[in-house]
Amino acid sequence: MGDSVFFYAFAALAILGALGTVLFRSAVHCSLALMTSLLGVAGLYLMQGAEFLFAVQIVLYIGGIMVLFLFVIMLVNLDQAAKLKQFNGQTPLAVLAILGTGAAFYAFLAKGVATLPAPASATVMTGGNTENVADLLFTSYLLPFEVASVLLLVAVVGSVLMAGKGGTR
Amino acid sequence: MVNLIWLIPLIPLGGAAVLLLLGRMLPKSLIKVVAPGTIFAAFLLSLGAVMESGGKPHEVVLYEWLPKVDWGFLLDPLSSVMILIITGIGFLIHVYATGYMDHEGGYYRFFGYLNLFVFFMLILVLANNYVLLFAGWEGVGLASYLLIGFYFNKKSAGDAAKKAFLFNRVGDAGFILGMFCVAALTHGSLAFRDLHGLTAGPLLTAAAALLFLGATGKSAQLPLFVWLPDAMEGPTPVSALIHAATMVTAGVYMVARSSAIYSLAPEVSAAISCIGATTAIMAATIAMVQTDIKRVLAYSTVSQLGFMFMAAGVGAYWVAVFHLMTHAFFKALLFLGAGSVIHGLHGEQDMLKMGGLRSEMPITFWTMAIAALAIAGVPGMAGFFSKDEILFYAYLNFKSVFAVGLITAALTAFYMWRLMFLTFFGEKRTLVHAHESPLVMTAPLIVLALGCGGCSYYAAQLERWLEPVLHSNHSPDIGLKHVLMAASVFAAFTGILLARYFHASTGPLGPLTKLAQHKWYLDDIYDFVFVRGLGMRGGEYLGSFDRRILDGGINGAGLVTRFVSRASIWADTWIVDGLVRIAGFSAMFASLPARIVQTGFVQSYALVIVAAIAAALGLFWVK
Amino acid sequence: MITINHYLAVSATLLLIGTLGVLTRRNIVVILMSIELILNAVNVNLIAFSKYHNQVTGQVFAIFVIAVAVAEAAVGLGVLIALFRNKGSVQADEVDLLKW
Amino acid sequence: MITYSATDHFILLPALLLGMFGIAVLLLDFLFPKDIKGRGWLVGIAISGLVFAGWQLWEQHRYLAEHGMTPLTGFNGALVLDNFAIFFNGIVLVSAALVMLISYRYLENEHEHHAEYYALVLFATFGAFFIITGVDMVTIFIGLETMAVSFYVLVGFLRGDKRSNEAAMKYLLLGGFSTGLLIYGFSIFYGLTGSTTLIALASVVPARGPHDPLLYLGIVTTLAGLLFKIGAAPFHMWAPDTYEGAPTTVTAFLAVASKTASFALLLRVLAVGLSGARPQWEPLLTGAAVLSLTIGNLAAITQSNVKRMLAYSSIAHAGYLLLGVVAGNDTGLIGVAIYLLTYAFMTIGAFLVLVALRRKGAAVETIDDLAALSRRYPSYALLMLVFLLSLAGIPPTAGFIGKYYIFLALVESGKYGLAILGALYVAVSLYYYFRLVRSMFFVESTEAQVLAPSNGVRLALAITGMATVAMGVLPEPFIRMAAASLGR
């Protein structure tokens, strides 16, 4: 019972936040709404026993990325942008397409979940969640972990290069 | 020597490479030696190889190119005839061109392309499989494209090149498809040696028809023949080599080479005969009223190619090849003679402004007269035997084709002698002082004239020579043959006599003349259907579509200006020639829907992605 | 009882809302945020399946997705700044030099 | 327990070298004062990184050959070293090396000469390694993103150029979106199997039958992401804009490396993971192939910008490649492999000519810029002619071989309709490639001086030109390579 309440609360937070992100006029508001949505998602992680990921989401995502977003919003000075039309010309068409796609998605999921393999027996995993994640990360997924470091290096180099002053022609 | 046949195409290729890459640095005198020299070397090698092979098919496989497809050359009687024509006549034309092109710019490029052409042509005829043949096929197309457009600063030359290119693409599509049908029939092998033992069936019929579509493009048959007369914009030696003696006969060669397929597809063969006959008579009537000396010869070429297909269609492949050979001699000679006349008159091509050149250009006159007798079918000359054989086989197999052929033969004699009378006889109608061409140009004329007279006597030998590859069906009916021969001689002399008296008149036949003058309205029909109809109307629609729908949209203004500027460029570029215009228009018409979705607006791209996903998901429920 | 269905539904909803943002918002910053939403939707999926299979593989996968999201956001914002510097605008439908 | 075995090391080594050299380029650039003129030595370092990686790849090939071609697996089944991986990695490495050769002078001209460029090219190659070698979805995903993010930056490398900015932005937004779709598909595959490896996926697929909704949803979203990467319609729309706006060297690299790696991935996913679900993805691929051929070829007809035209033509090439997959027999797959190999050389070659002709002040981009090339630079005109003939698929150039195999495969598997369509579009493509030829050979032009090409450009042109001819005339060893890469 308690589970459901929390689930619905977090889900509502995530979805409403997402809607806010998409619908708000000012980019600053959008980013705050996104933060809310990410918090909601973090809550969902917690409910599924992913404590480590919950922490990552809060600290890294909300703490890090959102600051970056806000920073850029300040930098590119979106005051004017907020006064402009926020939705482009194809919005009705896009809504239609998304309604269609969404209906298909829900239909597929509803039909499909029943066909999932039987859930694994609920034996409790030994060790804490963080420990288990770390175990897996440094054994089976050691390689992607290392590759990800290069990915982040690329991102750093790239963003610095792009945001830096370049010759204007 | 017969094992060295791979060298035959390689020598001209070397020449082309030297000329095109280093040509700018070479002195003209050296180019004059190199270009004909390579072809002559190839000719000697061919001669040696053919003599050594003695008519036995000989295949030189260099290596396995693609699985089941060798890179190999096949020297059999058929390709022997072809390589001797190409290198022999090619050599003479090269020699002639050193004189003819003496005062033109880009000398080295011209000869580079010409050598390149000979290389591809040799690949085409020596290939032992369809893929290699296709390589040569496309190569000669490319080289001829470069050569037609050689006078690129002449706009009509550029348009002609475009037109030739477009019509050949239609043929190419047919050829590629036909090739893969053959691959399906032979389980992946495209070698000619595997064509025997096929069985008839719908796929084989399709292969035959598609390959023939390829041939109609290359050999200028209905409905794709309109490009050849325009191709006369190229330099005259090019017309002689490519658009008379060699490339345009590639279609005939290919059909003969595929005789194993065609003999199993009687419907297609019949169609080939009919198309050949129709093309022959149509082109002949058009040739009767042309005033440009080269255009007469161009339509005549189309007509003669029609004769060859007539023969191929009734199963007389060796006769087709025979006529191909004799035609190569007399038509090359006629073109070179015409070139000599044009050269002598400093670029004049209108026959109405010639006349009385007999005394001023005696060698040109006499050699051309021999060729004109040959093409008219006067006994003792090259064309006589080959044309008679065609008519004979047509009579045996397909009476109506025979009737058309006989009429065409008379028309041929008429238009050819009309040309002769207008050019060399009567009053001189120009003030230009004509002069005989230099020796480098007249010498090839003389050699070719000897060939015209000489090669005709070897019909029986040729038949026997070609027998191993192109099974001929002998007919013992000598009596019938003589009757038909008399008929055709009668037709020939009638034509010449009529030409004697009517060459100056615009024609007694009134409406028919008009029809012929307008090239049977073929260009106009294309123009009317596609350009006036679709073009103008379509342009209006496009315009209004643009204004109404896109103007309101995101980028209307940009599109409108773009469209207007494009339309004016388009009009400038394409209006001159209806057919090329159609191509441009249909290209634009086809291209527009594909481009218009590319709005430059990134989110519409994402929308397309989402829509595609929705469609893909929807497919699940449809199934 | 909350089952995996619920999580998948939330995930699909987030995905669709994110897509809506990508398709309709003119402001490129917001489009980038919408892409973050899509990646989060995937993460919800992964976590739910991870729980369902009673393992942590999905969680590890999700960490990588976050890393990718970070990288994309950083580079995206960098490119955005370069674009803004040259064009003075961050409206997606004004970026249309390249077309047809 | 963290383990790192000798096998792991052996498999990883090429990528390790690429990554290390990439970092070295960055560090050396940082350590040495900026006023050292030229910095050509950075290119040298970057190329030597590629050479070392290539050498390791060769060693790997030799090892496999000595051990009966049994694939090696490493990192708990995350990587598989087989001939397939070596073949496609080789293509990507070669294309990266060719791009390096031509980049130096190009960047100097653009006044955007930075060490980051070379590092990013190496990192993109590094990412491609994991796309091609990986059989674990996490590894693949991270590799894919490493490559993609590198490309986002490379496309926008001319920071002062609005068109470069725009191209990068468009590529990034759509790329990010399509990544989301791809990974959504992966998450569903994970849900179906409880594992992230493609092998696990392969083991559950047969039991799920042809009407499994979840599997289908996963296939559709995954394919959307993958078809986006290879630039197949209707997910192609980023390609023309990005190709046109990106620096020409990057366009060449993007057109070859990204497409090759992504196609290798597509083959892996379909042939390893989803081979049991053929009835579900085949119609989708067929549709994408037909659309790609149609849109690519038709839109290319009237383009006046050469880069954009080549972009559309590369969409059409994606269509031919997909037809090879659709044909579904060995011939078709070998055709795909050989097609990609030849495609690398001819495409880079065509872009190279554009780079080589680049003038001061203005790029050579429109068809008119190539006017009268045959008289100004006959050797360039001839080379371009060879590349264009090859792109059109005319024998005996390299481009013919791939098309030949693919058509043959279609005929063999009885898909005549698709074969006819493909052949017709070959004729159409001749039309627009020859527009360029016409311009090069027939049109008069206002003479404009080009910069003397650097030795790097000359070398790269020689390599691509010779390869394009050699593969066409002597395809046999290359065909054997392609066949071996598929274990045939």
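Going by the order they are written in, the chains are A, B, C and D; count residues from 1 in each one.
Operating definition for what follows: a residue touches a chain if its C-beta (ideal position, glycine included) is under 8 Å from a C-beta of that chain, and two chains touch if they have at least 3 such contacts.
Given the structure is predicted, the values throughout are model-derived calculations rather than measurements.
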Centre-most chain [mean C-alpha coordinates]: D
Chain pair with more C-beta contacts, A-C versus A-D: A-C
Centroid distance [mean C-alpha coordinates] between subunit D and subunit A, Å: 30
Mean-CA-position distance for subunit C and subunit A (Å): 6
Rounded Å distance between subunit B and subunit C, as computed from the means of their C-alpha atoms: 61
Euclidean distance of C-alpha centroids - subunit B vs subunit D, Å: 40
Junction residues of subunit C, two or more chains touched: 15, 18-19, 22-24, 31-32, 48, 52-53, 55, 57, 60, 64, 67-68, 71-72, 75, 78-80, 82, 85-86, 92-93, 95-99
Residues of subunit A whose C-beta touches two or more other chains: 88-90, 94, 97-98, 101, 105, 108-109, 113, 116, 120, 140-141, 144, 148, 151, 154-155, 158, 161-162, 166, 168
Where subunit B touches two or more other chains at once, by residue number: 554, 595, 598, 600-604, 606-607, 610-611, 613, 617, 620
Graph class of chain-chain contacts, one of line, ring, star, complete, other: complete
Residues on subunit D engaged by subunit A in the complex (per definition of touch): 1-4, 12, 19, 22-23, 26, 75-76, 78-79, 111-112, 114, 116, 119-120, 123, 126-127, 130, 136, 138-139, 141-143, 145-146, 149-150, 152-153, 156-161, 168, 191-192, 194, 204, 208, 212-217
Subunit A-touching residues of subunit C, taken from the complex the two chains share: 1-10, 12-21, 23-27, 29-30, 32-34, 36-37, 40, 43-44, 47-48, 50-57, 59-60, 62-64, 66-75, 77-82, 84-86, 90-93
Residue numbers on subunit D that touch subunit B, as the complex places them: 169-170, 173-174, 177-178, 181, 211, 213, 216-217, 220-221, 223-224, 228, 234-235, 237-238, 240-241, 283-284, 294-295, 298-302, 374-375, 378-379, 382, 389, 394-396, 400-401, 404, 407-408, 411-412, 419-420, 423-424, 426-428, 430-431, 434, 437-438, 441-444, 473-476, 479
Residues of subunit B that touch subunit C when the two form their complex: 554-555, 558, 562, 595-596, 598-603, 606-607, 610
Partner subunit D, residues of subunit B touching it in the complex: 20-21, 24, 63-67, 71, 106, 109, 131-132, 134-135, 138, 142, 145-146, 149, 152-153, 158, 161-162, 165-166, 169-170, 172-173, 176-177, 180-181, 183-184, 188, 583, 587-588, 590-595, 597-598, 600, 602, 604-606, 608-609, 611-613, 616-617, 619-620, 623
